[in-house]
Every structure is written in structure tokens, then in C-alpha cells.
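Both complexes shown next keep chain A, but they swap its partner, so chain B is in the first and chain C is in the second.
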Partner chain A sequence: MKKIAYQNIDKLYGELASNLDLYMPIKKAGALNFEKYENGKEADIETLQTVKSVKDLFFPQVEHFVDFKTDGTKIDVIDTREIRSEFAIFGVRACDLKSLEVLDKVFLQEPVDSMYKNKRDNAVIFTLACQNPHASCFCKVFDIDASSPKGDVECHLTNGVLYLNPITEKGANLVNKLTCLEDATSESVDLNKQEIKAKIDALPFSNLDLSVFKGENLMELFDRKEWEELSKACLGCGTCTFICPTCQCFDVRDFKTNNGVKRFRCWDSCMYSEFTKMAAENPRKNQMQRFRQRFMHKLVYYPSNNGGLYSCVGCGRCVKKCPQSLNIVKVIKKLGDK
Partner chain B sequence: MVNEVLIPHIGVITDIRKDTPDVKTFRVVGLDGKKVFEHMPGQCAMLSIPGVGEAMFSITSSPTNTEFMEFSIKKCGCLTSWLHAMTVGQQVTIRGPYGNGFPVTTDFKGKNMLFIAGGIGLAPLRSVINYIRDNRQDYGTIDIVYGSRSMDDLVDFREIEEEWKNEKDFNVYLTIDREQEGWNGHVGFVPSYVKEVNIPTDRTAVLCGPPIMIKFTLQALLELGFNKTQVYTTLEFRMKCGVGKCGRCNVGNKYICKDGPVFRMDQLQELPSEY
Partner chain C sequence: MQRLEVAFLEKAKELLSSGQVNRVLAYKKGEFCYDVSPAVFYSVEELENAVYNGFCGANLSKYLIQESKKEGKVAVFLKPCDTYSFNQLIKEHRVNRENVYVVGIECQGKFSIEKFYKTGVGFVASVQEDLDSVLVNGETKIDRNAVKLERCLVCKKQHVVYDELLVINEKKDGDLDRFEMVKKLEAMTADERFAFWKEQLSKCIRCNACRNVCPACTCTKCVFDNDDSQISSKANADSFEEKLFHIIRAFHVAGRCTDCGECSRVCPQNIPLHLLNRKYISDINEFYGEFEAGKDIAQKGPLTNYTTGDIEPNDFKGGNK
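After this line comes the complex of A and B, so read on.
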């Protein structure tokens, strides 16, 4: 294990950034998001959560991947995918880390999504244990341990010291290169883990009951009359899907330029009425159906296809950000207690 | 870096046939003049005109056709209108094949088959019907019930009249919705015609067409004594990726692009009726 005094943390960022591209929570215009670290930027690892999750670095909101040049009848296809070399991400919380496992099952399944895989293969992830979990967090429900998030390097910030514990070979290789670190023993971190666990146990949503949410109850849950009431206020704004670390729906669109056509993919939302609209009909005609799709997918459809793994990591972003105060916790409570 | 499924190949249009007032059939090959990829009956491909859009279409030609692929496309929106405006020699993009296809080498093998189509729903069935014609010894009697709005809306009319009707142990039943001059065949909707023809229940049935036709035809088959485990259909949803990743085309926990588009009716019963 290694350590650095928190007052010298800029040295660590600087040294990491001189080795490879470093992404971390950076405050810009009041909003905290994962961005590329550069000298003079406002890095912040004390605030618990970024607005958008770490998924943005693996599955960006907009990703341009091919150009077409048309000349008479002839079309040229030009591969424009970005090829990444190794990069580091600092300050990833346990829930966001787990969301990558959820996304892996979608994007790394055959046929492999080359753009996602390239970033996944080249990322060195420094996690950060959650010193002050928020009342909206419920990662514990999904067996996620926010006191000990296992990335490539597991970090703890306690009593003015940042501890770094390499987990993977990739993590160790990078940490060993850093000259600003000193050796450390694990006592403070062990103690800190216990403190964090106690805080998490005391959170209001830490004991939600997920037992009804399984594949064998698919039809019964789909038909529950409570969906009407749960979704009544939903605006279909899509906020919950964009901030969610596990939402993976995308659209593919073309953009005409003076110099050919750019094709890119961008986040889309099952909360939008256009999402499934077809010429003759729309299989999900009303907002209740779309709302139901989002939560059934997270709690029933996805787990039934992925060995029981839920497609929610309890990050609480939708709990905090829905303008109508609708969220997955309300769904779990309402449908979970029958 | 591994290949990206979303990056398409080039397809060259080598023939265009006008089937009906709003359906054209396009022949497509790769730049080398050969088929762009192999497929199974019932599988689909994504066709696109860059700058216009990309959409999923059934590969209507049989895999036994070694020279080219064909797509029967109904004009109904932006991309399909552009495709209808294309001429021979022009290029499109193509990627695939997608979907599970029909179980032609397993569940269908050795069976007497009943194919029921409405309108453009013939497109996926034509692939399997022509596959069966080229592997005749593996299948029994073939009954085909096909209906459209009018005589002019029957897709592949020439092939049906000149080839399918002359095939041994093939029974072809055509119908149109309303009386029309020059038509002396059957008039009426597909579901009631299926009941009239009274097809023996030892057939494995495949239904393709608009949802409303599928619903009533299934009902008719059940009344005739068919079991849901004998009846297959294809579902259609809006699609973007074709490989179960864009999250657009699920019914319950199944993705139509990947786990479908072919489903057996008893499997559909286990899923929410959101289609």
C-alpha cells in the first residue's frame, strides 16, 4: 500500500497526468463531471458524486465512428473510430465501478462493441471509497461494498491522507512508477472501512427488499396495476436515463457536412415517445408503458438474462435528479412489498 | 482494433423490379460482384443510404441463391422513398445478417408446412419457401395462403404463378380483400380464407403480416385445431443496432433483433404483449 498527504494531492494528479491522459471529477460551471485533468482545472474528489456517471468515458454521449464520402454513385466508407492508448480514471465510486460490469455484459457480448472494448481495455481505474455516503445511496442492496471498491487501484481518503492499494497488475505497474508516493501500512484503511460500513448500514434505503424481482415473476410484475400510479407524474424528460450509469440505449444518426456524411451514435432514452415509434403503430403508446419498460428492464429483464445481476447499482442519481421525484426506490418499495 | 458491427459494407444494386405500386425488389451484391455475406431464411440486414438513414429489411432471397441477395421494400417513409428512387448501379450500405431465422434445419425439417402471409409479409416467407424448393426432399407438402389488398398488391406474383404453383406438392391459395376486375380468384380476408380452405392440422404453420392479420389468423388456426407450439411468426420493432445493444427492440427480456424476429406462438405467450 502507498500513500500521499492530501495537501500534496496536486503532485499525484500532475505526475499521473504526465504519464498518461488522466480523467477525474472536475468542476466546471458548478457541475461536477469526469473530465480530462489539466493544470489549473478544479479537481474535486471530496464531493460524493458526479452528475453524469463514469459511463461517459466508455460509452460517450456522442461517438462519431464512420464517415461516408459519396462521389456520383460510389460510396467510400471511412473508419473514424478513435483508438485509445492507456488512460487513467481517478475517483471512481463503487456504484459507478459496478455499472461497468453491467455495461460489459451488453457491449462485450458477441458481437463485441469495438469502441467500448477499446476504452475498457485501456483504462486504469482508481476507485475511491465513499467517506460520506448520501441518504439517497442504496448500493448495499445490490451487494456493492462502497467501503472497498476494487478497481485497478483502490483508494481511501481518510484523516488527511490518500491511501492507494493496487489490485491488478495494470494498477500496480502504474502506481510503482509514481515517485510522489510513500509506502504505507493498512491499519488506517482497515479502520476506515469499518467506519464506512457502519455509515452505510444506517442509510435509509440500505434494506430495500428485492426478493420479488426475478425472471419467474416477469409477467406478474408487468401486469401490476401500481405502474399507473407510479408513473402518473412522469414527464418523459429522459433525465433519469441520461444520468444513470447503467442505461445503455443508443440511437444511430447521420449528419451531413460539406465534406460527406458523418455517422455517430448518441444516447437515447426509452422514456421518449419516439423511441419505439413505427409507421403503423407504437408498441409503447403511453408514458406508463415507457416508465414500466425502464424499471422492468433494470429489475427483471436484464437480471433474467444475466444470471440475476441487476441493472441498477443504487447510485441514487435518479432519486436526486428526477424533476417529479419519481425513482427506482419508489418502484422497489411499491412493487416489492405485496 | 476489432471490426465494428455498426460500420457497414458497400452494396451495389444490380437489379430493381417493381412488384406493386409501393413495393420494389432490389438485388444487391458486394463490390466484388458476390454476395456480401451468407444468411439463413428469416434473417435480416440493415440497409442504408448515408445521410438518409438505416433500416432493417428481411432478406427475401433464399440462401440457396449463391449469386445475390434480394430485398422487397415497401415505400413508407424517408429511407424507403429514397431507395425507391434509386437506379441500377447505385450503391447503398449493408450489414448483417441479423436475427435467428427460421428453424429450417431442425423444427421444420421433415414437416408438412403451411405458410400464411399478408402484403409485404411475404418477404421473409419467400426466403424459406425458395429454400424448401431447393431442398425439396427434406420437407413434405407445402400450403401457401397469401392475401393482399388488391391484385396489384401481391408481391412476387409472377414467381408465384409461374414457379410455386407448378412445384410438386405445393398448394397455393391467393386472395384479395375486395372484388376487382380481371381477378377470378378468391376474395376475402386471410383469416377467414384459412378457415375455408380447412388445412389439415398436421402442418407446421408460419404467419407473417400486419399484427392485426396475425392476431385473427392465429385465432382461426386455433379454431381449426392447431396448437400454439405448431405456429411460428415474426415480430417487427424499430431497430438501430441489430445486435441486442441499442436497447430498442425488446419485448420483455427478449430482443427481437437477436432472439427473434422468429418466435413460436407459445414462446410469445410467456412475454408481455407489448408488440
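After this line comes the complex of A and C, so read on.
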């Protein structure tokens, strides 16, 4: 275990950034998001949550991955995928780390998604225990322990000191290089874990009942009449899907240039009316159907296909950010309460 | 203030039980005091979950595009700013006025929960409202203005369309200059202004919340959703590309935007989108004389009406280049 006084935290960021690219929560024009750390940027690890999740660093909103160039009858295929070397992410919360497990099951299964895998293989993740969980947090429901978030290096910020506990060899190798750190013992961190656990136990959503959400209830849940009421105010925007750490649907877009085509992968949203548009027709014709799809996917379809793992991590972003205050907690409570 | 909520519930029950309407569009309780959602109530029993308080910020007018086309009459509780949007929708033939019973309801300004957090009050379990202050969790008194949405500091105050009014106390404050920030932006050099918008609009994740909530955005199919249009976006070459979407949208609603502020309320990245619209409102006022969209449906919109005295493109040089 290592430590550094929080007042000297810029030294840690500086030293990390001199070793490799460092990404962390950066405040820009009043909004906190994961961005590359550079001197002069406003880093902030005290605020609980970024707007967009850490997903953005592994599965970015837009990726330009191939160009097709034409010359007469000849077509060149040019690989434009970005190849990352090792990089660090600092300040990842337990819920966001767990979301990578959810994404792994999508992108690392055959056929492996090379763009995602490259980033996963090269990331060194510094997690951060949640000193002040919010009333909208419900990670405990998904057996996530925000007091001990693990990752490659587990960090705790308590009483003006940042503690760093390497978990993996990758994490230890990087931490051992850092000269700004001092050796530390684990008493403060152990105490901190207990305090956080007590705070989490007292959160209003920490005991949500998920028992009804399982594959055998699929049809019954699908047909529940409450979906109408639950989705009534849904605007059909993509806020929930884009800020969600586990939403992973994407679209592939081609753009014509003078002598070829540029191909992009970009986030898409099942909340959008065109999402399921096919040649013949669109099978999801109204917003209730789209709304139902999103939550059935997170709570029933995905876990049925992935050994019971829910594709929600209880980060509470949708609880905070839905323009009309619709969210997965309301769905769980309404449908879970038979 | 709690007296108003009681009056609201009584009115809603009366409208339903008398058969005057067959449903009520209002707000329903959430899990906390602050996460209320728009909802339609079909019976007096369902109204148990209805609520009217400082967190009922959502503009209900847009829902009336769909609701007013259904069978039977719908009652709706509209705040002063909501009535401007509704009026504009009437003018544009987007709602069936005769299917809507409008109760103009009192509003003392709606809240931003994020502003509560900024005061350091922590978890907001309960809010008791007074005309000029709020009591949080029964112990912390906060100035009401400190937790209001920006739009509520520049309030419209009056209902411009209604079948009846439910107002116990008039609203007194809300007189700040809504063009203050527009003037600041105008006073900047072109480069400074560009830097301001670049920083703000680069945050955009193109969730379309601003467009979907906007009561002036009523196209059955938005050009940006048309996959065949080649401009449906999603894949941007750089993070500032969304400026195009926002500028086009602001132009499209220019002269029709009532400045209801919903775009900025719903933006997950807190982009002050209303400033784009206000710039156009301010320009329209300057070029064509004072005009407020939604205020008077008999008045012709300056951008959709031609007079020989209209300003010519060359009459104005802006930009501070």
C-alpha cells in the first residue's frame, strides 16, 4: 500500500501522465467527463460521478475504423483503427468497473471486437472507493462493493490522503515506478471501507428486489400492462442510453468522399425511432415498445444469455439525468411489486 | 404553497368526477420529492399519485400534440410559460384546442435539483415551499431564487391561454434581464465567442433530449432522423461537429421558440442551449420590433410575414470581427 497527501495530488497526476497517457474525470464548461489529463485541465476526483461513464474510453461514441479508396476499378481497403499502447485511467468507480465486465461479454466473445480489445488490454485502471455515495446509487443490488472497487490499483481518498493499493501485477508495476508515493499501512483504508459500507447500506435503493427478473418470467414481464404507464412520459431521447455504462448498441455509418468511403462505428440508441428500421418495416412501432426493450434487455434478456449477470450496475446516472425522471429503479419497483 | 397542491388535486378530481374531461395530464410522484414525471390520470383513484410542487418543471404542452388527438377531452394544468408553448402549438395547428381543458396553474418558479446540491444541503428528502424560500429536510432554509431554474428568474408570469385559472398568489419576482448573457456574448470578439460555443457544444452527446422535449420541434419526422438524408449524424469527424445540429435547430425554431427553457433544463451536459434561441429572439426584437412567440395567436410571426419595411440583409453588420 502506498499513499500521497491529497494536497500534492497534482504531482501524482503529473508523474503518471509523464509515464503514459492518463485519462480521468476532467471538468469542462461545468460538466465532468473522462478526458485526457494535461497540465492546466481541471481534474476532479471528489465529485462522485462523471456524466458519461468510463465506457467512453473503451467504446467511444465515434470510431473511424476503415477507409475504402477507389482508383478506377481498383479499391484499396485502408485500416484506420487506432492502436493504443498502455494508458491509465484514474478515478474509476466500482459501478463503472463492473460495467466493463458487462461489455466484455459482448465485445470479447467471438468474433472478438478488435477495437475494444486493444483498449481493454492496454488500460491500467485506478479505481476509487465511493466516499460519498448518492441517494440515486444502487450498486449494492448487483453485488458491487463500492467500498472496495478493485481494478488494477484500488484507491481510497480519506482524511486528506490518497491511498493506492495495487491489485494486479500490471497495477503494481506502474505504482512501483512512481517516486511521489510513500509507503503506507492499511488501517485508514480498512476503516474507510467500513464507513462506506454503512453509508451504502443506508441508501434508499440498496435493497431493491430483483427476484422477478429472470428468464422464466420473460413472457409474463413482456406482457405486463404497466409498461404503458411507465413509458408514458418518455420523450424518446437517447440520454439514458448514452450516459449508461452498459448500453452497447452501435450503428455503422458510411460517408462518401470524392474517391471513396469512410466507415465509422457510432453509438446508437434503442430509444430512437429508426433503431430497428429494416427494409420491410419497423417492428418496434411506438415508444412503449422501445422503452420496454431497453429495460427487458438489461433485466431479463442479457442476464438470461450471460449466466444471470444483469446489464445494469446501479450507477444511478439515468435516475439523475432522465429529462422526465423515468428510470430503471421505477421499472424495477413497479414490475417487481406483483 | 401546500394549499395550492390541495387546490390542484381538488380541481383535478372535480374535472374527472363531473365527466367534464375523461383524463387529466399533470405530474405524478416519484421515488423522492424531486423526481416527478408527467403523467395522464384516468380516474380519481389514480390521482392519489398526482403531485404539484416546485419540481414540476416539465412543460406539458408538447404531450398535448398526441393527447389532444385522442378521443374525449383532456384537462391539463399549465404554468404561465407552458401556456405560451400551447398557444404557439394552436397557432401552428399542432393541437386540437377544443379537446383540451386548460387550467392555468400558479407557479412560483420551478427548481433545479442540482442547484439544491450546490448549496451543500446533501440529500433532499423533503422540501417545504414558501413564496420566497424553501425549507429543506425540515431544517435548512434556502432562498427560493437560489434553487430556481434559470428560466424562472426571468419569468413570463402571465397565462396567455386558459379555460380557468388556479392562482392563489401572484408571482412577484422573476424580473432579471433575460438577455443579459446574450449581451455578454455579443460584446465578445468573434474568437472569444467561438471559443465559448466550442467548449459548450463539444460536450454534446447528441442524445436529442433538447429536440425531443422542445414544444417548437414538432416535425413528424426530423430531418436529422432521416437515414437517407446523409445528415442524420451520429458519426462525427470531431467533437464540435454538433454545432451544426444546434445552430440549424435554433434557426428552425426562430420566431416560434417561446423561450420556455426546456432545452437547457434537460441537457445532460448542462449546455446553455437557450442562449442560442435567445440570441435570435433578441435579434428579432431588434430587427422587427418587440415580438413574443406564443403570446398572441392573431399576431403574424415576423419571420413568416413580409412587409415592405422589413430589414434587408445588408442593413446589419454583426460579428465583432
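Just a few scattered comments:
We adopt the following convention: the second predicted complex is superposed on the first by the 336 of 338 C-alpha atoms of A that agree within 3 Å, B and C clash if a C-alpha of one lies under 4 Å from a C-alpha of the other, contacts with A are read in each partner's own complex, and residues count from 1 in each chain.
Just so it is clear, a residue touches a chain if its C-beta (ideal position, glycine included) is under 8 Å from a C-beta of that chain, and two chains touch if they have at least 3 such contacts.
Treat the numbers as computed from the prediction; the structure is a model and nothing was measured.
Of the two partner chains placed by superposition, only chain B is touched by A:248; chain C is not. In the superposed model, A:281 makes contact with chain B only, not with chain C. With both structures placed on the common chain, the touch criterion links A:238 to chain C but leaves chain B unconnected. In the superposed model, A:114 makes contact with chain B only, not with chain C. Contacts of A:272 after superposition: chain C is touched, whereas chain B is not reached. Look at A:289: by the touch rule set out above, it reaches chain B but stays clear of chain C. Of the two partner chains, chain C is the only one touched by A:326; chain B is not. Common to the chain B-facing and chain C-facing surfaces of chain A are residues 251, 265, 268, 277.
Chain contact summary for the complex, chain B toward chain A: residues 1-10, 50-54, 76-77, 89-93, 210-211, 236-238, 240-241, 243-253, 270, 272, 274-275.
Per the touch definition, chain A reaches chain C in the complex via residues 28-31, 33, 51-52, 61-62, 64, 134-135, 204-205, 229, 232-233, 235-239, 241-243, 251, 253, 255, 264-269, 272-274, 277, 319, 321, 323-327, 329-330, 333. Put simply, chain A touches chain B in their complex at residues 65-66, 68, 70, 73-75, 77, 79, 81, 83, 106-107, 109, 111-115, 117-118, 215, 218-219, 222, 248-252, 254, 256, 260-261, 263, 265, 268, 270, 275-281, 283-284, 289, 293, 296-297, 300-302, 304-305. For chain C in complex with chain A, the touching residues are 30-32, 35-40, 58, 63, 123, 199-200, 202-203, 205-209, 211-213, 225, 227, 232, 234-237, 265-266, 268-271.
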